[in-house]
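Heads up, the next two complexes both have chain A, just with different partners, chain B and then chain C.
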Partner chain A sequence: MATERKTTSYWFLDYKKFFGTIDHKQIGMLYMMFSFVNIVFAGLLALIMRAELYNPGKDFVESRDWAGYFTVHGTVMIFFVVMAMGAGLGNYLVPKMIGARDLYWPRWNNIAFWMLVPASYFVWSSMAPIGWTAYPPNAIVLGGDKVDRWLIGLILAGTSSVIGAINFLLTVIYLRRPGLTWKKLDLFTWSIVFMAFIQLAATPVITIGLVMEFLARSLGATYFSTNAGSSPLFWQHVFWSYSHPAVYIMILPAMGLTSLIISRFSQTEVFGKVSMILSMAAITLLGFIVWGHHNFTASPNSPPGWFFTLTTFLIAIPSGIKTFNWLLTMYKGKIVVDVPFLFAISFVLGFVLGGVTGVMVNTIPLDLVFHDTYFVVGHFHFIIIGGALSAVSGAIYFIYSDMTGRMYNRKLAYAHYIFWVIGYILTFGSMNVLGALGMPRRYYDYSVLSILPNYDMIVLFNRIATIGAFMQGIAFTIFVFNFIYSAFKGELADEKPYNIAIPRLWMTDEEWEQLENMEVMH
Partner chain B sequence: MEEEHEHVSGMAPIVGLSFAVTGFGLLEFSQGNYAMAFLLVGIFLAVVVGSVVKEIKKRSETVEAHEDEEVPIQFKKDPIFGFMGKKLWIWIFLISEVIFFTLIIGLSFSLRLVVDEGLGYREIAKFCGLPTDSNLFGLYPAGWVDQEGRAPHEVLDIPLTTLNTFVLITSSYTMVKAHEAAEKGDFLGKWGARNYLLMTAGIGATFLSIQVFEYVSLIINENFTVQSGLFGATFYLQTGFHGMHVLGGIIMILFMVYKIQSGAMKDSSDVEITGLYWHFIDVVWIMLFTLVYLV
Partner chain C sequence: MNKLRRKSLLFVLGFLALINGLYSSIAAPNDYREKYDEIFKIQLILSVIIIIMVLVMAIVLLRKYKSNEAISPKEIKVFHNNKLEIGWTLVATVLVLYLFFISLPPTENFAAANNKQADVTISVIGHQFYWEFAIEGVVNSSFTSLNFTTGEIIPLVLFQNTTYLLKVTSADVIHSFFVPELGFKVDAVPGHYNYVYLENIQKGEYRVTCAEYCGVNHYNMPGLIKVV
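Moving on to the complex of A and B:
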């Protein structure tokens, strides 16, 4: 085995394999490639928006396009970048971690992936000016087919994620290698189990909501109409009771990856494993009963207000437990500093910054001030970009040599890391400051804010945010270049033991056969 | 070469990408081109049916060769879920479906509770001292009524739907008999699983036909449409989604019949899975009948 050099397989150049592959590793890579393509274009939208905001006045974006840009940026980043990355890494890693040959339903796995492609087409072609939250009455009274395309795209994406969720659950339940009990299951696989559970339980909610908006638009049904006795607020409850759990769909796999990377690179077990699993379970369950904190300004003084504040504060406890467990794992271990480990640190940093600002916006008196300002934008970007995407980038470096048989360029990876961390702290930190200064979100021309006393500060921090965004753009360009270039020209991975993860991650075919023989003998 | 082809499926990406056709069908629907919409959704269904039939055919030809591959290594070893065997997936899927229908019914019913306390145009006109048939703001009447102020029992044809409910419950009985026959290994006999499944599908189709007749008569005779206030909107949402699930169940039953016919059916678990789904649809209907028609 050691004598055999692992060589790169360019399987995706064969169109039959590219479309028809039912191998979990290859489908995982397809998910990652899909996610990369989407992040490049959705990231360009973000850069266009930040460039427009560099100066206060109107520069080059038309006002009617602006809302379409931030809608598609948000929707694509959530459904086709972060969630697709979670599904892709789950596909790639879960069978290896539990010692299975493939997922339980390999062909459904392929179907679920290829369903996402039309879904992303519909969302990209919509450019609907509704925001990713699609609040009525705006989303219902707008003419044309833009909003319909957006709704159809999300219905397809939801269906795909339910198929994927059932597949993951069946795989973990039925295909674990002999002797791998639920207690011994690693934290990443646990995080995928919880993610799949949320997808299974929450996706029906958004499907109903989207169908209701679709029928309201196309047939004139009055689900959200005040005239009929309902209310547009009704949609907010339907939408957020999916979309808050959806946040945990995005963050749970990232937490699992962080646990995996930190324990491997600290060369020790994760501190307090049982508490980690219970924390994830608590986050999963509490995630379903916190959605009302998105509607504080709609009904701040009613009893549900304090209920949702309370449940949301409770979520900070398991999150804190996880953070301290990661720190203690590092404290107890013998750390090997390498690229994936640095990205795991970046996850913890982004998660803590986003978490602390999250607790702030959850406090009703503060939320009444911060609602719909850039403070909220900064908060969730810290969680998703600084948190989830950092962990995902680290994980891609972590399994890179396993995927391609080659090694990425380390210097470029460190450059990526430095630009990335400084970039996101500048951008989203400035956004938090901007929100506190009173800048509302979704403005494309903020020269109207010149009546505010701190107007020059607002301009300054907008400029810093734009500079940070372009640093992130540079970081991501380096990442993509490194990813593609090294897949063809990088050093072969087996020449040096670059990646301490591989020997323990990798379930070779021989090992598999041994286990299978064991099973036969039983 | 042969080994490589094992990890490639020709049909799967076609099925996945054909969801684009459904998407375009829905898009045409939203623009009011209903004929085109039904054509596109029909093409999608044809692709799905074709690929499933092809798959069943393949399995019937290689039934021995694949037998040991079909049973994964840990199949019955999981201490918690192992006893469910092949049925586990349908239970997981049903979790999702239960949440789906609970929400549809729950949302509709909570809207009803809200609307029952609200004000309609008649009350507002009275308050303002206007004639009570004036409707300046396009408001709907108060209470759980349609645009003309009719309550559910005044609009809906309850005797017909009661009959329809009995029809659907009967189909549950034939489904149980089909499973019983399949457990005994009697698939193709006169009172075997195939014939009972066909009976179930037939009764399900009868139910759907009566429902379509009900819809048409409601729309044409009673002028009761999706736009008839929240009552109309939620009525069509709930019964429409249920009808689509019945249609899905019928298609699933017909697949099972084809599977028996082509000899790909090895044990009773597939009939049982279909049965679980079918009984679930029945239970949902009983709840809907109570909450939409009777209350």
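Moving on to the complex of A and C:
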């Protein structure tokens, strides 16, 4: 059995390996590092915006820069932080969990990762004032090359994501160790399969849309303009028929990680594994036919608004099933309450808070008020930050000793946890209240809302949201410090590397040994 | 322990009563807002119950099964309980369908605006960065929400016992005509008309803001509806 500890290797300091590596673990780590760099700067943008909103009125940001900030913050967080984390952890874990030596196409894996770097360069350097939704006519009539840079960046990111998706699917289909049937496959690998399926099916749609916007800007194509018999609303359907499934690209791996962590640390099997897989399948498929819930106020008089309400409500069912299954996984277990476990619980909390607010915003009589307000912002940040990023943080602590050969500092990790959970509840909870009070999103100054009856409350909750955001900033600073510091100075992980570092719950000891001695074929 | 339980139960009930009270004390000025308040109240109470249930389950299970001993993979147990799983699937389905069906009548009502006959049709046109109102069929009735020289907000005056159809569109990019106190918003899309039917609004002043990002002054597009 391969239990002897490797000493820490700083492979990434060798530039040939850094750029040329085709090893899935190293590429996984590159994805994670890339994602860390992006989250630091996109997080700074968020803090700048929250600082500006602490007081009503204009403080230190210019209105013309504001839109660039929220566009880049949103785009980077989605494509270069959360999705990159999903790809990174998938890279790192999937081959191990299915007993493969690497992904199916190691070289393409390297290329897919390195495409993200120019992609993020284009997005960062664009500072396009369009929002991550890039609605025409605004995104088309704007002059300069800002929007074009943003479009090119996203086309590259989409291409990378498709290559990654094909690679994951081929890997799971062809490289599973003998005897590992689909039924035995663990829930994290399943989540990556569903994620890859969505990426493969949905990304081409947005890529075509982005190219259409690009042509509309550069060559005057009229795909989204009224006088050519089309409508700017057409873009919204193209955009959301990708971007709603994209939410599941971000959340599915986090669900898989949560299943993995909760069952490992409770030392039980996941409760209701089959229903967990079916739930993910249901979420994946329903996810393709709910996009219209973003468009109700855009064309309220054209049916069928209720159709999308119904399909979206149905997603609440598998989501609820999953939540209770995660909780019951603890039943009769022997729960080791450690850092990754706590983060998995934080995922469940964020997911539930984002879930109930999601049901609200999907109800059309409520959506008439909540749409395009801070309520929506609070809702999806609960899912993505409270949910997905919590699970990802937990997973990084989970595999930390395996990645670095060293242990992170537990006290710092607990401090990270406390600041993180309190921070996100304060920020995104306040945002929900702000939306219900009538504060629209993407406002750089809300003093104009002083005409509203609850203005005092609007100011108060903006302040609480800002305080929470800075708590999350502190939490993340601790995380990054702990991550880097411990990689060099942390104590060496002992003989039993964090006793449960690499999951092999579904294997018997004999099977595991067999695998260790087996040549894996490509 | 029992005391603590009773206390937390009281706390929860108190909180739910507070939500209930909060939403019954304010009379809604029109039917859209009334439906909003009604449905929001139901969903808020359900949500609080769900969140508390999840937290209680997590805490109880954690306290009960906390342990520090590692066990070998062979000892790992698998639990199944099909009845339980089918049970909560059914409960979730019923709950979700209930929420869907109570939202359906107000949804249809709002959507059917373009089929309704109103006394007066007002066209609302979004501009970067102000609103323009005009009464359809009346020459020279057009005015803007903003007095460009003084910066004052010019109200759109409506009569309580008249019915109105707002015909919302835009002259440039997409805006969104948002009246939080009246419980609706509707996007102003160039080349496209969206209709809102208004009737029987309580006398008072209701504020308008823009809710769809439309450029540098998106945050500063106020308007006012005055019902007399």
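Assume the second predicted complex is superposed on the first by the 487 of 522 C-alpha atoms of A that agree within 3 Å, B and C clash if a C-alpha of one lies under 4 Å from a C-alpha of the other, contacts with A are read in each partner's own complex, and residues count from 1 in each chain.
Following the convention adopted for this analysis, contacts are C-beta pairs under 8 Å (C-beta built on N, C-alpha and C of every residue); 3 or more make two chains touch, one makes a residue touch a chain.
Because the structure is predicted, anything quoted here is derived from the model rather than measured.
Applying the stated clash criterion after superposition on chain A shows that chain B and chain C can sit side by side.
By the touch criterion defined above, A:D148 reaches chain B but does not reach chain C. By the touch criterion defined above, A:N227 reaches both chain B and chain C. In the overlay built on the shared chain, the residue A:V205 is in contact with chain B alone; chain C does not reach it. By the touch criterion defined above, A:L89 lies against neither chain B nor chain C after alignment on the C-alpha atoms of chain A. When both complexes are overlaid on chain A, the residue A:D23 reaches chain B alone and has no touch with chain C. By the touch criterion stated above, A:A112 is placed in contact with chain B alone, chain C being left untouched.
Among chain B and chain C, the chain that touches a larger number of residues in chain A is C.
Contacts of A:V337 after superposition on the shared chain: chain C is touched, whereas chain B is not. Put simply, the nearest alpha carbons of chain B and chain C end up 11 Å apart when the two models share chain A. Comparing which residues of chain A touch chain B with which touch chain C, the overlap comprises 227.
Of all residues in chain B, only 7-13, 15-17, 19-20, 22-23, 26-27, 29-32, 72-75, 77-81, 88-89, 92-93, 95-97, 99-100, 103-104, 107, 111, 114-115, 118, 120, 137-140, 142, 225-227, 229-230, 232-234, 236-237 touch chain A in the complex they form.
Residues 32, 35-36, 39-40, 43-44, 46-47, 50-51, 54-55, 57-58, 61-62, 65-71, 73-74, 76-81, 84-85, 88-89, 92-93, 96-97, 99-100, 103-104, 106-108, 110-114, 153, 172-174, 176, 178, 180-181, 183-187, 189-192, 194-196, 207, 209-220, 222, 224 of chain C are the ones that touch chain A when the two sit in their complex.
Per the touch definition, chain A reaches chain B in the complex via residues 16-17, 19-23, 26, 104, 106-108, 110-115, 117-119, 121-122, 145, 148-149, 152-153, 155-156, 159, 162, 166, 169-170, 173-178, 181-182, 200-201, 203-205, 207-208, 211-212, 214-223, 227-230, 234, 238, 516, 519. On the side of chain A, the complex with chain C involves touching residues 63-64, 67, 129-131, 135, 137-138, 141, 225-227, 231-233, 266-269, 271-272, 275, 297-301, 303, 305-306, 309-310, 313-314, 316-317, 320-321, 323-325, 327-328, 330-337, 345, 348-349, 352-353, 356-357, 359-360, 363-366, 368-369, 371-373, 436-438, 440-446, 448-449, 451-453, 499-500, 504-505, 507-509.
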